[in-house]
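In what follows, chain A forms one complex with chain B and a second complex with chain C.
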Partner chain A sequence: MKIQILGTGCPKCSTLAKQAEEAAKQLGADYEIEKLTDIRDIMKMGVMTTPALAIDGSVKIVGKVPTVEEIKKIISGI
Partner chain B sequence: MSNQIIGTPASTDQNEAVSEAGFKKNLWIIFLRLFLFILAWLSLYVFLKPFADWFTYKLIGLPPESHLGSALNFFVYDTPKVLMLLVIVVFGVGIIRSFFTPERTRKFLAGKRESLGNVLAALLGIVTPFCSCSAVPLFIGFVTAGVPLGVTFSFLISAPMVNEVALVLLFGLFGWKAALIYMGTGLFIAMFSGWVIGKLKMEKYVEEWVYETGANAVDSGDMRISFEERIRYGIDAVREIVAKVWPYVVAGIAVGAGIHGYVPQDFMASIMGKGTWWSVPLAVIIGIPMYSNAAGMIPIVQALVGKGAALGTALAFMMAVIGLSLPETVILRKVLKMRLIATFIGIVGTGILFVGYLFNMIF
Partner chain C sequence: MGESKACECSTAPKLIFACSGAADVGALSDQAARKMTRDGNGKMFCLAGIGARISGIMKNTEAAAAILAIDGCALNCASKSLEEAGFKNFEHLLVSDLGFQKGESPVTEDAVAKIAEAGAKLISKGVY
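So, the complex of A and B:
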């Protein structure tokens, strides 16, 4: 599973990255984490409000930092 | 609040009927809680003034005319008042904002005609949530989706300019008239500046790569969310915003209280008063490079106004700090050429000057 964190590097983005990692660990999922910080890459994913979270290339959350529980639901919902 | 409103009810086929009934019951509980919360809020709010008087003059026994008594009374009354107003307004705005995602706003504004588009964009700027680090992606997203440049600017100007925290503080410390005029003039500046930038046809001063970046729209904003989740948005907004601004509010009120109690009457009149015409432009020039938030500044401004400073001058200073901050223009430099940034600062600055003089005339 590929977890992507989209954001230009504001504090919220790093919080989201930590939360996502925590969620994946708790689920025991096999994951790799990638941070997209270049605006062009972020725009290509169609995201306007950061931070955003994408799983396996599809955008799941935009413009907010979800809780670990929420991220777990999103990950296991696939 | 309890944990049950965090989760989204799973709607599988078997338990759909059950969850439907459960959801209705839940909704009643939510409304009841909201009602009780507002009732408690109101009854507490009414007692703030008598409590502050009792606390300073009876319990501690300071005479009302004394410097310390007047300063302490100001602090004890204003701190809880402003914080309570903040909680209720930020909560309400959080719920309203759950209806307006940036994606929806963009879809709505795409292809709108200039003048009407400027008005709508400025209004949407108030209620559409985004944090300042999203300014650039929002800009690209809007422009590439076919929102006219001027309309995009109206949106980007109105969002920070008409700020709910500033609105609460103005209402709490200066009354509803000041709050209303602040909102009206902020909207006006956003509409007017966007309209002028649109008329000037400055599209060529946007960096070329912006138009090459094809922003494929994701419809993530159209997910349907329940009323419970909207309440949660409101609570989250309170947590996030109030946690961030309360130290500034308290510090601002403390400094304000000191000024209120100790600075002689009419002291500020000569420096920031109505009579000195140059004070408004000076306030704007000093304000632009500063980076602060309204939360800490308005209580100080209020105390200064109490000592003879003109309200318009003080507000022009605040708007320059919030609406024209240097850090934000540095971020915008990534997508805009210098000429357009200079135009943007020039037009918004002129608008703020106008507001400053207008306030000084009215109050």
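So, the complex of A and C:
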């Protein structure tokens, strides 16, 4: 599973990355974290509001930092 | 990601989806949406991406502060496309309601400006 953090590097994006990593660890999931910080790469995924979270290329959250529990639900729902 | 960077996250935008169909009223809808974007009254977004269910476009639209669908004619393809994709809360502007009839409406600056003005009023009302 590839967890993608979309954002140009502000504290919210950093927090989102940490939360996502924690969620994956708690679930015992096999994962890798990819950070997309170039606005061109972010826009290629159709996102115009950051921070955003995508799982395996599918955008799941836009414009907010979800809780670890919320991210776990998203991951589990795949 | 460095903590020192200034926050570049933006607030939820107002999104505009326009008919870009083959008829003259489609061209008017398209140009009005682009004018609204240039004028700062919202951001034109990709209706084809809604139809294709592109996840980034879908999620961004879900997070929008307001949504405006501009349809050229009574077929209402733009608003129906949004509805098919699960969106219910949006403002709707029908170009033909402003007196522009399909097949009889050349794309002029005045026409585009009139439609853009009507759209701007609607989208400002539609903030939710």
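The rule is short, and it goes like this: the second predicted complex is superposed on the first by the 78 of 78 C-alpha atoms of A that agree within 3 Å, B and C clash if a C-alpha of one lies under 4 Å from a C-alpha of the other, contacts with A are read in each partner's own complex, and residues count from 1 in each chain.
As a working rule, a contact is a pair of C-beta atoms (placed from the backbone, for glycine too) under 8 Å apart; a residue touches a chain by one contact, two chains touch by 3 or more.
All values derive from a computational prediction rather than experimental measurement.
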- [ ] With the two complexes superposed on chain A, say which partner A:35 touches: chain B (first), chain C (second), both, or neither.
- [x] second
Open item on the list: Taking the superposition on A as described, I'd like to know which of chain B and chain C A:69 touches: first, second, both or neither.
Closed with: first
TODO: Figure out whether A:7 sits in contact with chain B (first) or chain C (second), or with both, or with neither.
DONE: both
TODO: State whether A:49 touches chain B only (first), chain C only (second), both chains, or neither.
DONE: both
Open item on the list: Contacts for A:17 in the overlay, against chain B (first) and chain C (second): which applies, first, second, both or neither?
Closed with: second
Task: Contact residues common to both interfaces of chain A (with chain B and with chain C) - done: 7-10, 12, 45-50, 59-64
Open item on the list: Per the contact definition, I'd like the list of chain C residues that touch chain A in the complex.
Closed with: 1-3, 5-13, 43, 45-46, 49, 54-60, 62-63
- [ ] Please name which positions on chain A make contact with chain B in the complex.
- [x] 7-10, 12, 39-40, 42-50, 59-64, 67, 69, 73
Open item on the list: Per the contact definition, I'd like the list of chain A residues that touch chain C in the complex.
Closed with: 5, 7-14, 17, 35, 37, 45-52, 54, 57-64
Open item on the list: Quick check: in the complex, which residue numbers of chain B touch chain A?
Closed with: 6, 8, 101-103, 106, 129-131, 133-134, 136-138, 140-142, 144, 209, 213-218, 220-221, 236, 334
